[in-house]
Amino acid sequence: MNGIDRDTLAKVVAADIEPGSFVNLGIGLPTRVANFLTPDSGVMLHTENGMLGMGPEAAGDQVDPDLVNAGKIPVTELPGASYFHQADSFAMMRGGHLDVCVLGAYQVAANGDLANWHTGRADDIPAVGGAMDLALGAKQTFVMMNLLSRDGSPKLVAECTYPLTGVACVSRVYTDLAVFLIEPGRVVVRELFGITFDELQKLVDVPLEQS
Amino acid sequence: MVCIMPSTAEAVAGVPDGAVVLIGGFGSAGQPVELIEALLDGGARELTVVSNNAGNGDSGLAALIRDGRVRKMVCSFPRQSDSWHFDAKYRAGSIELELVPQGNLAERIRAAGAGIGAFFTPTGFGTPLAEGKETRMIDGRGHVLEYPIHGDVALVAAYQADQLGNLVYRKTARNFGPIMAAAAKTTVVQVDSVVPVGAIDPENVITPCLYVDRVVAVPRTVAA
Amino acid sequence: MNGIDRDTLAKVVAADIEPGSFVNLGIGLPTRVANFLTPDSGVMLHTENGMLGMGPEAAGDQVDPDLVNAGKIPVTELPGASYFHQADSFAMMRGGHLDVCVLGAYQVAANGDLANWHTGRADDIPAVGGAMDLALGAKQTFVMMNLLSRDGSPKLVAECTYPLTGVACVSRVYTDLAVFLIEPGRVVVRELFGITFDELQKLVDVPLEQS
Amino acid sequence: MVCIMPSTAEAVAGVPDGAVVLIGGFGSAGQPVELIEALLDGGARELTVVSNNAGNGDSGLAALIRDGRVRKMVCSFPRQSDSWHFDAKYRAGSIELELVPQGNLAERIRAAGAGIGAFFTPTGFGTPLAEGKETRMIDGRGHVLEYPIHGDVALVAAYQADQLGNLVYRKTARNFGPIMAAAAKTTVVQVDSVVPVGAIDPENVITPCLYVDRVVAVPRTVAA
C-alpha cells in the first residue's frame, strides 16, 4: 500500500481533462494539476475572483498586487485572458459553463456528497468561499485527496459526518491509492495505485465495484 | 452626480453608527484600504460590514475589526493565515458572523443593485448554510431562496475614474467593485487617478457613472 | 381652454428635472423633453437598449446602424457615455438608479396606476418593451400626455380601464391643461394652463385639490 | 473550445426542428441577419424564437417568420411600423406570442446563463402579464416569480472575435448578445472580423470565450 505521490496524482488528473476544457482548480492540492496541463492542450483556467485564462504563479517582476488567484497568490495572465466582476465570475461557475472543477475534500460520500469547507468543530472558524458554487456548478466535479486521513480513517465514506458542501455533486475521486467513479447507485474503482482491489475494499466502508 | 472629493476623510464623511458598509476587495486586491482607514478615523461604530474576507494583517478592514467598530461581518471566507484580528474577536464572541457562499454573496449584492426581490439558487441546498431558509425543488433540483444585500455605503477601489465618475478597474482587483457600487445608497470610490471626461472609451467603462457618488484620488505607492 | 402646445409642455417637464439627474425619456412625446435640457444642466440620458450619455438624434454622416435609441432612431454619443448589455441596462432601471423617467400614457389613475402599453382591443397587437420596468424602477415616474383623448374623454381617471403597466407608480402628470401631483390619497393641481381650476375639475372624474 | 466556421451555413448547421433559438438584436442593431438567413436556408421548422422584436421589414427574423418557420415568438415588442410579417401571422392565429416585459426578458435570459432557478421581480405585478404567475409581497412590494429562458441555440452578432472566441461589440448593438451567449447550449456568433489572440485587451472583453461555440466572419458592407 504505497500509493502515488501528489505530483503523480496531479498528472493522472491532468490527463483526464479534455483538451480545450475550461477548468477551475481549487486551493491547495488541486493547484498542482496546472503543472501538468500542457499549453497545447488549450485548457483555460478560471479563477473565481474574476479571470479566465490564468497563467502560472508570478515570479519577481511579474508580481502585481492586482492580479491574484483564489488563494490570493500573485499569478500571471495568458494571451486570450479576460477579467470580470464577481457576479459574472460566479454566473460562469453556477451557470454550468466550466467543464471541470477539481477540489480538495475532507470527505466524499458514496452518492457524491462532498464535505470540504468546515470540520464542524466549535473552535474552528468556518470559511466557505466559492466551494459550494463550484461543487454544484461545474459540469464535472473531481475531488483530489488522500484516501485516508492522518488518523487512518477513510475519507470516502458511506455518509459524510462533516457539514456538507453540496449534495451528490462529485463525479470522480482521485486519491493516492485509487481513482473512484461515482455513478448512480454505485462506486466504481477505475484505477489502483500499488494496492489490490480487495485491500482497497477493506479500507473503506463503501461497497466498491471493479471497472 | 459625482463629487470629486479632496480627501478620503471627506469622501467617507457622514457614515452613521450601525450602517451597512459594503467593502470591495478579494484579500488585498481591490481593497480600498485608505477609505477604510478614513472610516476608522471617522469614528463610526456598530457597523455591519459586507466583504468577501474579514481582513488581512493589521491594516484596512483588519484595523476596523481590531478597533471593535464592526458588530457583524457578512462574508464568504473570513479564515485566512493573517486574519488574526477577526479570529480573536470571533473566538471572544464579540463579532457576529454571517457566512455566505461566495457566489450567493455576489449574486445577493447584484440582486440589490438590480432590483430583484429574491432568487432561488442551488448553492447551499442541503448544507448548514441553508438552514432556516426557504427551499424549493425546481426542475428536480433543490434550491434555496436568497434575498438581496443592500448597503448604506459602498467603499470601492478602482483604477481610474473620469470626472463624471465612470470607472475602470485593473485585472482581478475588479472583483466586488462593480456590484457593490450598484448596491449601496452612497458609493465612495478611491482611484489611482482621475482622468478627463472622454479619456475612457465608452465601450470599456465597467461601472457607469450613475452608480458613483464620491470619488477620491489615492495614488498608489506600489507600482501597478 | 386653450392649453399649451407640446414643446411648451416639454419645456415645463425639462425645467422640473434637477441638474445632474439620470433620465430616461420614453418613445414619442417625452423624447421632446431632450430638446429643452441644456448641456450645462449635466442631465444624462439613458436609453434602455444599452447606453448612458445618449446625445441628440444623428444626422447625415453621424448615422451609425449600431447606435440607436429605444425607438430604433439613430442617435449620437456624448463624452462620458457608456455602453452595457440588456440585463445591465435593465438592472439600472429596475434597481432604482434612474432619477426620472418620462412616459406617455393612455390613462393614469388617481392612485398613480399607469396604462400605456395596450388598448386591450382584440385586433391590437400588444407590445410592452421596457415600459413596465421603467414605470416601476425610476425614482420618479412622470407622465406626459394630453389630458383629453381624441374623443374628449379624460385620460386622468378614477380607475384605469385599459390594461395596467404598473400599479401606483406615477408621481406627476404633465398635460396640456395642467400639471398634477399624485400624492397619497389625493391629486393636487400644481399648475393650470389656460383653464380655471373649476373648469378643470369638470373635465375629470377625479376629485382634485388646489396646491 | 470555439470553432471558426468557414460559412454561415456551417455555423448554424444542426439546429433541429422545434429548437428554442435566442436571437440577438434590438430592431436591426445587433441582429445577426446573415445567421438567421442561413438558418432559414437550413430548413429548421417549428422554432421557438426569443428576441426583443418580431422582425423588421423582409429580411432576417422577419423572413424566418414570413416563411412559417416560427411556431412561437417570445419577445417584448413585436409591434413595429415594419413588422408586417409577424402582424399577419399573429392576426391569422398562425404564430403564438409570449409577451414579456423587456427587463424580465433580459433578466430571465441572464438567469439561465447564471444558474438561477427563478427570481422575484416587481415588474409586471398587478398587470395582465403576471396573470397565472406566482406572486409574493416582499418588503411591502408586490413581486412576480419569473423563470429562466434557456436556449438550444443562440445567434448573436458581435463586432470582433479573437481566435479563441472572446468577443467585443459596438455601441448599442451589444444589447442581448452577452446574455444570450451565456444562456444557450450552442452559441453561434457572426462578427465583422476575427482578430488574433491578444488583439483584444483582457480588460475589455465583453463575452469571454467560454460562452462561444462557433464564430463566422461576415464583413459588413455598411460602414461601421
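We just call them A, B, C and D in the order they show up, numbering each chain from 1.
As a convention for this text, a residue touches a chain if its C-beta (ideal position, glycine included) is under 8 Å from a C-beta of that chain, and two chains touch if they have at least 3 such contacts.
All values reported here derive from a predicted model rather than from experimental measurement.
Enquirer: Which chains sit in contact with both members of the pair chain C and chain D?
Expert: B
Enquirer: Taking each chain's centre as the mean of its CA atoms, which one is most distant from chain A?
Expert: Chain centre farthest from chain A's centre: C.
Enquirer: If you average the CA atoms of chain A and of chain D, how many Å lie between those two points?
Expert: Between these chains, centre-to-centre, one finds 35 Å.
Enquirer: Taking the mean of the CA coordinates per chain, how far is chain A from chain C in Å?
Expert: 53
Enquirer: On a C-alpha centroid basis, what's the spacing between chain B and chain D, in Å?
Expert: Going by mean C-alpha positions, chain B sits 33 Å from chain D.
Enquirer: At least two other chains touched by the same residue of chain B: list those residues.
Expert: In chain B, 107, 110, 114-116, 121-122, 169-171, 202-203 touch at least two other chains.
Enquirer: Using the touch rule from the top of the page, what residues of chain A touch 2 or more other chains?
Expert: Touching at least two other chains: 51, 77, 83-84, 87, 90-91, 93-94, 137.
Enquirer: Quick one: do these chains touch in a line, a ring, a star, all-to-all (complete), or other?
Expert: The chain contacts form none of line, ring, star or complete graph.
Enquirer: Pairwise, which chains touch?
Expert: All chain pairs meeting the touch criterion are A-B, A-D, B-C, B-D, C-D.
Enquirer: Which chain C residues qualify as touching chain B in the complex?
Expert: Chain C residues touching chain B: 19-22, 42, 44, 46, 51-53, 77, 79-84, 87, 90-98, 137.
Enquirer: What part of chain A is in contact with chain B in the complex they form?
Expert: That would be residues 47-51, 64-69, 72, 77, 83-87, 89-91, 93-94, 118, 123, 125-133, 136-137, 163-167 of chain A.
Enquirer: Which residues, counting only chain D, touch chain B once they are in their complex?
Expert: 107, 111, 114-122, 136, 138-139, 141, 143, 147, 168-171, 201-204
Enquirer: Quick check on the complex: what are the chain B residues that touch chain A?
Expert: 26-30, 52, 76-80, 83, 86-87, 90-91, 97, 99-107, 109-110, 121-129, 142, 159, 169-179, 206, 222, 224
Enquirer: Within their complex, state which residues of chain D touch chain A.
Expert: So the residues of chain D touching chain A come out as 1, 110, 112-116, 162-164, 166, 182, 197-198, 202-203, 205, 208-211.
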